[in-house]
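Several structures are given next for inspection.
What follows is a pair of complexes built around chain A, which joins chain B in one and chain C in the other.
Then we have the complex of A and B:
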């Protein structure tokens, strides 16, 4: 089923929450909308938890990979070119632990960041339905609903006092009702 | 009680983005001065490469001098940045918000500067590429993982990669903020770095989880890095270096100098960018209290290192220790270290009114780092200035003008990079400050209104 997005932009928390209520009254569920903000809000401010993630798996996979690479480098080096010292065992364990430890941590760190990006669905090449006002402090309620119900969703979002409504047409072009041209604070 | 700044919403954003939009005259003065020092630095490096290491004071058997001292010092400075950021995130300390970004950036720039010095110290740094990469399968020459000089780059590289990723992850929301309010090349840059961030609930949740997860991962790396740097010395057979206590001693020394450097940086940011509403007296007060504990811990290990060396009753240890404690110039240096890194600053930090005085905190933190640089020199050099068995080598070390320039240049380099960063990226995390506002609450307790913060478990 084809899905389409429509975004309602609200100037404060109260109107945004009112929009989510109107959305629910129109027969949509919590899974049908997302909230866009410029900073985190306490969990539950816009309803229940938006979903599970598997971020905790990534550092484990990374750590295992890093450990394996560390083992390969240290053991491989010493076995491939043996340097027998005082008749001691060829594999010198304490130095191997140092390199393997660093490899493990490096793998865990890299995979954690990859996990954050993957689970956050980043990078996103096209911003799509979006409004700059969000980073200026407004709150966006982004509805993602089946194409045949997009008009109902837009109606619900419009039923509350809003700053802008951004939608996409059948060709995927983004249409903004009220383009924002902020003054000041230009970087 | 958490003190609270009076600003909200867009006013916070505008104030925190001010360094990107406005350039005070003092910024250009600083750039010109730092540019001059960096030119001298580049000239000194070129001179040393052209004429060789003979232009330095290094000579058999003293191969480690100012450059390695500087390496250890900057590695130390790099430690507190991420440590402060990670510990404060893990404990959800509310006052972390204005401190973390600057601390993380300082870590990266001081690590980069630190890494420069072992390369310069080789005299022919371009050769290090084919000493190490790729592994030489044809001639059977492999870096030996049993040597600490292989552990060291592994640890530092891990720390640099981890710190950079840590910083970048927390920068993404601010990149989106800047993407939406910039034009030209800046817009292109921020659009690329923002990766299409929209700020939905899932992204914010993962951002917060990532902050805690990365903090938990980076802390063990932070401890390992300076431990491994200390093993560069401790696994050798040089008297006074060959000490089992070196790893924790180096780590606590790094924290002492690094946390002090964070205070110096905070004071400079407050004065330069006018961040009075964010870098408040309470922050200096809190870090000052932390420093009293850290400095005393460092002093404990400092004394233990001396006691342990004497406890061995090894004649070589005793000779070098006697030289370090009683003979010119090291006796003077020891007194200097004590006075600058402990005796003056710690009693000052015991008083709240001094901890809340930004100027006093600035000067005492600067003093600590002068003392800690001297401490590294005091630790490294005397062990080498002695007659070596079998080779009967003996020499004194006198740093040359080239090495002095390199040391001053390294300070200029870190400062310059920090200034450059502040012109392109927000030196205080805007979204974290906004989060603080969203999580803040005023609670009525009887007739009083008390500031409180929502904390999520």
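Then we have the complex of A and C:
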């Protein structure tokens, strides 16, 4: 099923929440919209679907991989070239711990950075349906609904006092109702 | 001010639009003083590089004492520039509200991590192999060069990743409001950031994870540095407390650097609405606590050596504290312990702008003296393979190149942070904004109190 997006931009929290209520009254669920803001709001403030992700898996996998590599380098080399010195144990554990710690941290770090990029679905080539007012403090309610219901979604978003409505046409072109002039450095 | 004495910061009465407008204005309106600062820092950086080449590099690695002040400035930058982001990590994990404007002030110093990293690699030539000597590495192949380098590279990469992830929402604000060029710097750095629920959730978790990794890497790297550069270079010096002293005093310096940076930004950076008494008060309490910890860890190490008093331990005491570097040690104990204790024990000093700032400057001077003392100790022992420390070296005094390169590399670090402030909003726009709707003033009978929301 083809999906299309329409964005309503609202001046403050009250009108944005009113828009999500109107959206729900029109028969949509909380999985059908997203909220765009310039700062994080308390979870559930808009009655939105919580942003589920699996980022926690990445550092775990990275740390385990890094630890394994560290163990392979340290224990592997000592076992591959066994030199018994003064009858001491073959594996010299204290210096092994330092190197395994390095491997663990490095693996966790690399995988976490990759995880942040992957879970954010990066890189994307274009912003899509978007309005620059959002980073200036406005709140965007982004509806993503089946194409045959896009008019209902737009009508619901329009039913509340709004600053702008941004939509996309059949060709995928983004159409903004009110163009926005960036505030610039002198804002 | 409310009746029970708490200061109500003005920032919490601003709207999200006012904070965004103020943040973009601060990026765009860096004035003549800023340009002067950049020029001075650039000149100092050039002086530092020339002094490094003309001094230690031309003399080579045969005499480690020549590298004493390169080591000292490396120590100082690791204890300040690299430690400051740890404060941001700690405050984020504590989830307090007063810290919101402070976080970016602390983590912006991660931008300058490249300076101690370069010095670290230059200093690798001063290290002999860890074979046949007392060392953390116990003769491990490639040690200390390879393994300590991996640690350092990891720390620097983690620091830059932490700063970038933290600043990404602000890059998006600047992309949309300041520079509309789709191929411009802000657009490239922000990427497709739209501020969706999921992006914020991933951002929050990612920042926490990377921050914790930075903290863990910092502790590990500083432990390795203290071992490679100091403990391993003094025969018979087997201290398990010293690395902790080294890390804790670095945290103290990181807090002091953040206070001084905050004071400068208040005075000259247009951040007076954000960095108010609430922030200075909170930071000064931490500085006092770490001043007391300074004494605790120093005393814990000192008393054992003093009590056991073997001949080589008496030499340690003479070398470290009471003879060779007596005056440096007096400065250290005065500025790192007595100044925070005697100054910040008074609430009216803690709850002011000038009190914590003056003490923080003294702490930074004390840490500089401490790092010079410790670098001199680590660099001037001639026979590092001896079983015991039987011969106390004489005091190592700095030459002209030593002074110039010390000032020069500190200037280089400051210059990089100044350049970073041209592109990264300090304080953070998104982080201050996100605190707005969680904090309100309310009447409580005849008093006015702050009501803080805790959604987590």
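To be clear about the criterion, the second predicted complex is superposed on the first by the 164 of 187 C-alpha atoms of A that agree within 3 Å, B and C clash if a C-alpha of one lies under 4 Å from a C-alpha of the other, contacts with A are read in each partner's own complex, and residues count from 1 in each chain.
Basically, a contact is a pair of C-beta atoms (placed from the backbone, for glycine too) under 8 Å apart; a residue touches a chain by one contact, two chains touch by 3 or more.
This one's a predicted model, so the numbers in the text were calculated from it and none came from an experiment.
Because the two structures share chain A, they can be overlaid on it, and in that overlay chain B clashes with chain C. Contact with both chain B and chain C is seen for A:34 once the two complexes are overlaid on the shared chain. When the shared chain is aligned, no partner comes close enough to touch A:89: not chain B, not chain C.
In the superposed pair of complexes, A:80 makes contact with chain B only, with no contact to chain C.
On chain A, the patch touched by chain B and the patch touched by chain C overlap at residues 34-43, 50-51, 53, 55-56, 59, 77, 92, 95, 98-99, 101-102, 105-106, 108-109, 112-113, 116, 119-127, 130, 132, 134-137, 142, 182, 184-187.
On chain B, the positions that touch chain A within their shared complex are 9-10, 13-14, 17, 20-21, 140, 142-147, 150-151, 154-155, 157-158, 161-162, 165-166, 168-169, 172-173, 176-183, 186, 190, 195-210, 213-214, 217-218, 220-221, 224, 228, 431-432, 434-435, 437-439, 454, 456. Taken together, the chain A residues at the contact with chain C in this complex read 13, 34-43, 48-53, 55-56, 59, 77, 92, 94-95, 98-99, 101-102, 105-106, 108-109, 112-113, 115-116, 119-128, 130, 132, 134-137, 140, 142, 182-187. Across the complex, chain A meets chain B through its residues 34-43, 46, 50-51, 53, 55-56, 59, 73-74, 77-78, 80-81, 83, 92, 95-96, 98-99, 101-103, 105-106, 108-110, 112-113, 116-117, 119-127, 130, 132, 134-137, 142, 182, 184-187. Listing the residues of chain C that touch chain A in their complex gives 15-17, 19-21, 24-25, 27-29, 136-138, 140-141, 143, 147, 150-151, 154, 157-158, 161, 165, 169, 172-173, 175-178, 180, 191-192, 194-206, 209-210, 213, 216-217, 220, 224, 429-431, 433-434, 436-438, 453, 455.
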